[in-house]
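Chains: A, B and C, in written order; residue numbering restarts at 1 for each.
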């Protein structure tokens, strides 16, 4: 026996040494750490941004929320009503709605102490528009004169001819065509100014972004957290009330939610559907349970390039076979608003009940309309991406269409948002698909131009109607914002009559604040209002 | 044994190369348009596509991309994600956390699983055995998200005994509850495997011999039966360790542990090739090393198996 | 040949197992059957499995309700006389869905465990018997497979087999899901079988058979397999439940079985976010799953005991 035991022991030692070596290798590198004074810090549920924190390259929510805390643009949107007002802009004026003169307020500084001037804006916009920079928000500059010369991927001209610095606090923007609501759009991330540091040392900027907003960058651990602190020289009138913000990366919204309920997180930007069910969130969060009408619409878009879906009557029949209110009641706890057009009620230019009869649930009318359209050939597949929580309502709609129209309808999800976008870009959809749209600015135009104009960047339906395009152009060139809105509403009516997409509902911005928080706001654009946080007095 | 170990370590190289190549092809195979969905609901601007294509070598054939990636690895460059993060930094942040979590889970598996298996294996069929069978099966049949959610809701939110999520750089203690949840499924496997193996070996001749030699029951069980019976158990735990580190997506999500599983999952969802390949390459190495250790352990557990 | 598991000189008192003599072979199965018939464990699990199989093949015998019919107004209703198991989020009858879910669930669970165990056992047995180069090469191949994350492998395999938006028949989808699961999970079964085979390949009865001139196939299947089966059987029967769950993961990702096909996995993943609101929609499919796994584990136990050559 001893022979074996002895050998056994030496083997144990060898194995033990291997294990220990492996453990050492793996534990050699430590994790990141937070910091700051917890009592003066508001922690916020967040996700890892998909792009570097550059305004010209940020077009998704996580990056956008961080950028909004770090930057302030010319225009801001009211956190309650969404109405635009001047932030860094002193005035934005125009006589012909083609050339705009922008005057900015003096004495603003970036976080590194350098002044924010007209040049900061012009440089930033030129950078975004210049092709070789590959900025994601490039197309936001497309209305500015000279865009065609600078936007190509191998362009050599790097200055938009439509931008001109008049003096340190004034610059002019010349557009290729009149665009009356241009000032309204200027609150979007893409139009923020950039500091000299960015152009001189891009890598340095990316590792420690410098903005002109209410908070300045402190530290960031990728995939874990981002810390910012109050910028004491901030010149805006929305001065922050708390010292620090901590953006914490969560991969599961339910976890963030239970953290808010148990007090280890202060602000969650949206409420998981499990907590909306049965109004549990209102009981859990009390006064911290909040919502405001938003700019997010959901639609079921038809691939109008598919011959089976080219008849507007058929598309309307589908729309009338969907009981929006029933789905909202059962799946969204009655919080969403059934759509009566393409725009949401909280934007400029919204006209109630644009869709009328066609968006009203009427199974018999739907069947009759479908018969009039000559029925539909073969089984229909509805498509959505499974990674966005769309399965439930897509399945409910599938069942409603199947039961109310008496046709064979299946729900056929794709695994990722990427895959859904690939199908959309390649125009390969074979059935109606989910389309969600977050408005960029609070004007009805944001729900129409990009989605339904011929060849527009997000026109996934492949819809094209010259009458609609003409009505939109008329709106762009209208003398006043009110007149523009009216023209856009006319265009909306034209599109609804063709129904390239079935409007389903709009989602309010729903969020929750923990017990430590007195005030915490999300704007109708579904962005955090970083300056608005107020903590309850300690005691 | 030294030469055997060395040989096995050398074999890491071809497996590592093969795995990264396959993963490269798989991630590539996810979609023929790597820019789909990178720009929200819009199509990406052509200039953005051109810039990123050049930066990430997306224009090259997959094989060449892979070679360039390997070249980078040799100089310690794991590549960057679309958002400009160093993959090496992401891994360096996540790996220790995942390692700690897997360690906790494995220790729990071993302690509870083997004990339960030992008890039910030695007692033979009866009340205790059935109880352990049913309770382990119950754990198996409940998806991890249910176990995790219930534990969190009851002990975190209602009773306030535990934190509902772990801090950014968690200690072993912080990871105890998540480890328990994560290890619960494998715990059941370990218990069943130990039990069956013990019952098999109870009838083996060497045990009879040992008993005949007059050794104490305790010594027979621990030194003879349990040792040989652990072979399938150790095999299972070894193979499981890799899965615990990289496959704990749900547990990591439920307790917001910023580990490797989530890194792989978001990498797949967002088509971050470098991120997926980097993490998986690391996981494969761990898996290989653990399997080597397990193979060496066989020799320790069963004196009849020997390496030269 | 240094890279082998070489056998030590035979040690007195450590020879294990009896050589199965040729004339005993015919008796092995009939003996096993005789023994099985007397075991209550076997009888109970047998009945449960038969009921499940009937349920899978003829669901309409058990319920008249349509498992896909949606009544949104009755969403999440608790169990009542009208619908015994209550209704799910879409107001569909949970009882009818659990019954209709038996077929696809059992198909996926059984076929996937069977496939994994078959592939894994064959590979493990071969490696344990031949060792050396065969073992090294196959081990490394298995390690590559084991390195592929389940989610990534699943998405790539299933999306490349079907075009997006394509309507796939339920049989084809079940086969695809099974193949995916087998392809991604055989290495574990292999490792377990290999461990047992490594130990058994150097025991006296195998050596004896070899000395008598038995071929590799005969030695592997007649002599080694019966002695190595126990751990794999344990793994396979428990894994049945895990695979039904793995199918749920695939469904959750939008690449597994999908409406109108019902499975317990689909039911469980659908109710995931609403456990607190409608626990019954989780409880019943999970209970069916537990009972199924229990029945197969007990059956596996009974079979193993009956087939073990040393058990008598």
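What we mean here is this: contacts are C-beta pairs under 8 Å (C-beta built on N, C-alpha and C of every residue); 3 or more make two chains touch, one makes a residue touch a chain.
Labels paired with UniProt names: A = ABC transporter substrate-binding protein; B, C = ABC transporter permease.
Note that the coordinates shown come from a computational prediction; the quantities given were computed from them, not determined experimentally.
In this view the innermost chain, defined by its CA centroid being closest to the centroid of all protein CA atoms, is B. Between B-C and A-C, more C-beta contact pairs are found at B-C. Between the CA-based centres of chain A and chain B the separation comes to 36 Å, rounded to the whole angstrom. If you average the Cα atoms of chain B and of chain C, the two centres end up 21 Å apart. Separating the centre of chain A from that of chain C, both taken as means of CA atoms, is a distance of 45 Å. Chain C has residues 155, 159, 275-276 in contact with two or more other chains. Each of residues 30, 149, 153, 265, 268, 303 in chain B touches at least two other chains. Shown for chain A are the residues in touch with two or more other chains, namely 254, 387, 416, 419. The residues of chain C lying in touch with chain B in their complex are 2-8, 11, 13-17, 136, 139-140, 143-144, 146-153, 155-156, 159-160, 187-188, 191-192, 194-196, 198-199, 202-203, 230-231, 233-235, 238, 241-242, 245, 248, 268-269, 272, 275-276, 282, 286, 289-290, 293-294, 297, 301, 304, 308, 310-311.
Taken together, the chain C residues at the contact with chain A in this complex read 68-70, 72-73, 75-76, 89-91, 155, 159, 164-167, 252-255, 258-260, 270, 273-277.
Looking at the complex, you find that chain B touches chain C at residues 3-4, 7, 11, 14-15, 18-19, 22-23, 26-27, 29-30, 133-134, 137-138, 140-143, 145-146, 149, 153, 185, 188-189, 192-193, 196-197, 200, 203-206, 209, 228, 231-232, 234-236, 238-240, 242, 246-247, 249, 264-265, 268, 276, 280, 283-284, 287-288, 291, 294, 298, 302-308.
Chain A meets chain C in the complex at residues 254, 272-274, 277-278, 280, 323, 326-327, 329-331, 379, 381, 383, 385-387, 389, 391-392, 395-396, 398-400, 403, 410-416, 419, 423, 428-431.
Residue ranges of chain A in contact with chain B, taken from their complex: 4, 7-8, 11-12, 14-15, 18-19, 22-23, 26-27, 29-34, 48-52, 59-60, 131-136, 138-139, 151-153, 206, 221-225, 248-252, 254-256, 258-259, 261-262, 264-265, 387, 416-422, 424-426, 435-438, 450, 457-458, 460.
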